[in-house]
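Across the two complexes that follow, chain A remains constant while its partner is chain B and subsequently chain C.
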Partner chain A sequence: MVTGSLFFQSLVLGILLGGLYALLAAGLTLYFGVMRVVMIAHAAFLVLAAYLAWDVHQRFGIDPLLSLIVTVPLFFLAGVGFQRLLISRLRPATVTMMSVLLTFAVALVIEGMLGFVYSGTQRRVQLSYSAASIQVFGAQVAVVKLIAFGLAALSLLALFLLLTRSRFGQALRATIQHPQAARLIGIDTDKVAGYGFGLGLATAAVGGAALSLDSTIYPSLHWHWIGPLMAIIVVGGLGSIPGAAIAAMVLGIMQSLLQLPMGTTWAQTVFYLALFATLLVRPQGFFGGRLAQRF
Partner chain B sequence: MNARTALRLGCLAGVSALVLTACSGGGETGGGNPSEPIRVGISLPLTGDFSEPGKGVQRGYEAWAAAVNSTGGLLGRQVELRILDDQSNADRVVADYEQLIAQDQVDLVFGPFSTRLVVPSGRVAKEYGMLFVEPAGAAAQVFEQGFDNLFYAAPAVANDHYNHLAEAITAMPEGERPRTAAYAAMDDPFAQGTAYGLKEKLEAAGVQTVVDLVYPPNTTDFSGIAAQIANSQADVMVGGTQYQDAVNMIVALRQLGYQPKLAAFSTAPTNPEFPNAIGGATEGIVSPTGYTPEAPYPSNVDFVQRYTAQFGSPPTEDEANAYTTGQVVAAAVQAVGCAEQGDCQQRLVDWLRTATVDTVVGPLNWDAQGRPQSAHLIQQYVDGQIRIVLPKETAEAEFTYPKAPW
Partner chain C sequence: MLSFPLWSPNPYILSAGIVVLSYAVLSTSWNFVGGFTGYMSLGHAAWFGLGAYGTALLIARAGVPSFLALGLAGVIVAVLAVPIGIAALRVRGASFVIVSIALVLVLLLVFQSWRDFTGGSDGLTVPRPFPDLLRPQHHAVFFYLFAALLGLALLAWWTIDRSRFGLGLKAIREDEDKAQSLGVPTFAYKLVAFVVSATFTALGGGMYALWFGDLDPIFQFSILIGSYMVLMALLGGVRHLFGPLLGALVVGTAIEYFKVSYGDTQFHLVATGLLLAVVVLFMPDGVIPAVAGLVARFRPQQGSIREETAAELLERDRSSASPPTQRQNRAEVRR
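After this line comes the complex of A and B, so read on.
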């Protein structure tokens, strides 16, 4: 029976889940916006970052969030290198399709490497506050979920400010809106694309650390994430960060609430139903088009 | 294929009891040459969703092969394992066994891990007329496929795992007995089988089901499931689980402040990583198990010693079931006196139908569909240690109800 308190509890959980989805999907939509790259390996990088957070905690006993000091710059550099060395070599005419194959291969390499280094054993970061929760209007809010949500909100805000307030952000948006015009006014679009990719991967570093706080991680976990994340960015409008954030929130809440009447299996299909509906009704996504270019 | 079978049949017809040495000219199958090893083909989920238990099964098989080889092998021949990785994928497991049997011409096959992989691979084994002893297909549907070559190498099928617990609950005085129960099971035949076996018995005893949820194996977020269970405030929480889902669910339940009087989860609690993964809040958690390293069966004492020396820690259930598989097949091979493809396989099957085999999980015998005819033990975390609490005859500690808060 669905009582008022269960509904409210599920709503709160849905909002927290939506926040995490928004953070994890932000990078994915950025790659597509900047370079028309479908980055299948994004979730694999998330899991990689989660493993690094776990490793740092395991080895040094420090909070996994501190791993961000190292992983964010590291992932940014890796992203720039990835774009310069691999993505930029793809022919512009077929980059979207070929990037699927290329990044699929990268995902497999990361999964294999994680299995080799850390074994297939499932790992979980064990914190003194793992099971702690606070009460908000009668709903229990787990501290780790709140931290992950806060991290997501901060990262998205930082990303938004960077894109709207800095010269690099302007150059990146110009590159997204009209690459040729951007080149004409003197923007080095190749360099910008590299930094854009780095930025996307840096969000994966943050997302991975957030994920590690409240998930059991194992090398093949990324396959369970990439599907819903892809659905989110299509629904949100490829390339639109606010679109991805709104779609993530809406789908996260829907997933959480639909579990009550329909059960988990059907609630999970909400992503794919939303994906089909979007492709049928509005292929550019609900927040794509003009909004995508405004950020 | 036909020519090869005919050759082997001719060979068998031509000799009496010492078939193996007589068949030394049996071609590339290695069907009995004492200088050639007996090759055992296995496909295991070494990567993917089941890699954790899959690797446990691999260690169990390796421990068995090492033990057999150190005592002179099977029928005087060394044993050689050929293990392929099916990536937890049902299509791959079929291709793997096809390759092992038809191309690689292994002498024997052992089963993979998980019901979802055992059923398709069992079909391949049946098609080729191979004996198929398996360590991990415990769900009811495994035994409803019409396999006449399959044997499950553990004490009991999934639906009977909680029998001793159900008996203990039913035997409680009316006032103390739990009134409500919540069930959450992975959409997996084994995991569901364990939970629903108990559900059936508790419902019959008047324990009302207040939550009954099934979630897909790729579920990553358990907070929604936990919210429904916590809201029900059920006395009993039963998880039909594998490893990571049990861990995620327990943490999510704790985050919501839910305190059941009895919490039972299949598979995960017997995993050595489990206490660390849930932050040590294990007290009172119950789990069925087909194996304990402390069991006094003679071959188990030897197994635990050897295994610990080989891998540095005592074996768990996955390793033990794999080792048991080896013991069951070895007993048949020794009794019948052959181990190759063809007619020999049917003789191995026929022998096992009526046999009782002493293993590390106790003496095993099977019904016509391959269901083992024993029972699972019930373990519970008592003072931080996992102890057998039911049935009373083999208990190492007292069954605690209600459990301490987690």
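After this line comes the complex of A and C, so read on.
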């Protein structure tokens, strides 16, 4: 029987989960905005970061969150390199399509390497506060979920401030809106695109650390994430960061609420149902521009 | 090549040959959409899995004779592909790829969760169509069955390639908006190609079910199988009749070899990924253009509206446009 408090509990958990989805979907939207690239490997990098966090904890016994000090700059540089060395080599006319295949290939390589190095065994970080939970307005919420949400919220806020307040953010948004015009007014769009990519991957690093706190991780976990994330950015409208964030929140909450009557696995289908419904009703997504239909 | 079952050294090699042949069926089927229209579906494993499970379930649950079940599964998938195609083909490019991935992921979820109907992750045993055949004979029979299916798919592709319908599809590939403005019924054309492609893939899946006899959602609805189809077709060349077949021979053999050599590790994923990346980066048109001179004698004349792709044209325009502007700039600087 679904009681009111159980419902509320699911709602809170859904909001916490939605925050993490929002952060990761924002990264995906960023790639699409700056380079028209659909980054299938995003979730693979997420799992890679989670593994690094697990490894750091296992090896040195320090908190997985501290791995962020290393992984965030590392992933940023990897993103810049990824854009410069691989994506920019693709032919301009087919970049969208080919980048999907290229990032897909990268995802396979990462998954394979993770399996190779860490084996397929499921891993989990055991922390002193793993089992702790606190009362939030009468709902039992695990501390690790709160930390993950806080991390996601902080990063999203930082991303938002960076995009709206800094000169680099202006240049990035200009590049997203109209690359040619941005070049005309003297923005080095290639450089900006590279940094945009770096920022996107940095969000995956944060997400990975958050993920490692309360999930069991295994190499093929990224397929579990990439579907919902892809659905979110299509529903939100490709290229729109607010759209992605709103869609992430709404779908995250719906998934969490549907787990009560349907169970975990079937609740996952809500993302795909939303995706196909969006295509039938409004192919360009519910927010943002008309980009989605074209690319 | 057709004599392979006669000289193949042992049943294992023969079964590997069948796997490669089934890959050839799949990537040729994929090429109805990927090659003609340029819509890259990474989720064609959805049709493969539906064909396999459709066939298996019809036999196991409804008692339909094996090959009738295969045909029926093909029809069912064709019918299913219509509404899914209508939804998926409303978007282009990357969004379409996302939708295709989503399709295979959601089917994987459904077939894993719906235990009492599909057997879930315990798998599903398919009754063998020829119960009194010994294993090597069973393999040999299926080698020819797969070869026949491949022949049918190639014939269909060749026919479309030379038809007005095929011309319309290629126009969509080069520039969908212009094709539409020239009066090509783009949506209907895309949908027909999509359904044909799905049906052939499903027949390949059904045949696989009959041959292999054991299904598991993880393998039937695998993104990896979908990516193999793309990789094979791209490597061989999506514009050519025998491109996917050639790709399947190269990649399929490599995959089988990797599985034997590095079976326990995830290394075959790395190998597949690296190969895909190399193909995408360095030869997106496939190897056939590289050896086109040799192959040209064996394949029919292309019915393409032009031999160059829109991308190549654009690039040539750019490269021919850029030197003068540089010279102009220098001249201005000198002044």
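Points worth noting:
Keep this in mind: the second predicted complex is superposed on the first by the 284 of 295 C-alpha atoms of A that agree within 3 Å, B and C clash if a C-alpha of one lies under 4 Å from a C-alpha of the other, contacts with A are read in each partner's own complex, and residues count from 1 in each chain.
In this section, a contact is a pair of C-beta atoms (placed from the backbone, for glycine too) under 8 Å apart; a residue touches a chain by one contact, two chains touch by 3 or more.
Since the model is a prediction, treat every value here as computed from it, not as a measurement.
Following the overlay on chain A, a clash is recorded for the pair chain B and chain C. Contacts of A:L13 after superposition: chain B is touched, whereas chain C is not reached.
After overlaying the two complexes on the shared chain, residue contacts for A:G115 are found with chain B and with chain C alike. Of the two partner chains, chain C is the only one that A:P283 touches; chain B does not reach it. Of the two partner chains, both chain B and chain C are touched by A:T265. In the superposed model, A:W225 lies in contact with chain B only, and not with chain C. Judged by the touch definition given at the top, the superposed model places A:L101 against chain C, while chain B stays out of reach. After overlaying the two complexes on the shared chain, residue contacts for A:A131 are found with chain B alone; chain C is out of touch.
By the document's definition of touching, neither partner reaches A:Q170: not chain B, not chain C. Of the two partner chains, chain B is the only one that A:T216 touches; chain C does not reach it.
Only one segment of chain B in 9-17, 63-71, 99-107 or 315-323 runs into chain C in the superposed model, and that segment is 99-107. Put simply, chain A uses residues 111-112, 115, 120, 219, 223, 263, 265, 268 to touch chain B in one complex and chain C in the other.
Chain contact summary for the complex, chain A toward chain C: residues 32, 36-38, 40, 86, 89-94, 96-102, 104-109, 111-116, 120, 219, 223, 226-227, 230-231, 233-234, 238, 263, 265-266, 268-269, 271-272, 275-276, 279-280, 283, 292-295. Remark: chain B residues 46-49, 51-52, 54-55, 88, 187, 213-216, 218-221, 223-225, 227-228, 230-231, 243-244, 247-248, 251-252, 254-257, 273, 276-279, 281 touch chain A in the complex. Those residues of chain A that touch chain B in the shared complex are 3, 5-6, 9-10, 13-14, 16-17, 111-112, 115, 119-124, 126-127, 130-133, 140, 142, 144-145, 214-216, 218-221, 223-225, 255-256, 259-260, 263-265, 267-268.
Touching chain A in their complex are the following residues of chain C: 38, 40, 42, 86-88, 90-95, 97-99, 101-103, 105-106, 109-110, 112-113, 223-224, 227, 230, 234, 265-277, 280-281, 284, 309-311, 314-315, 318.
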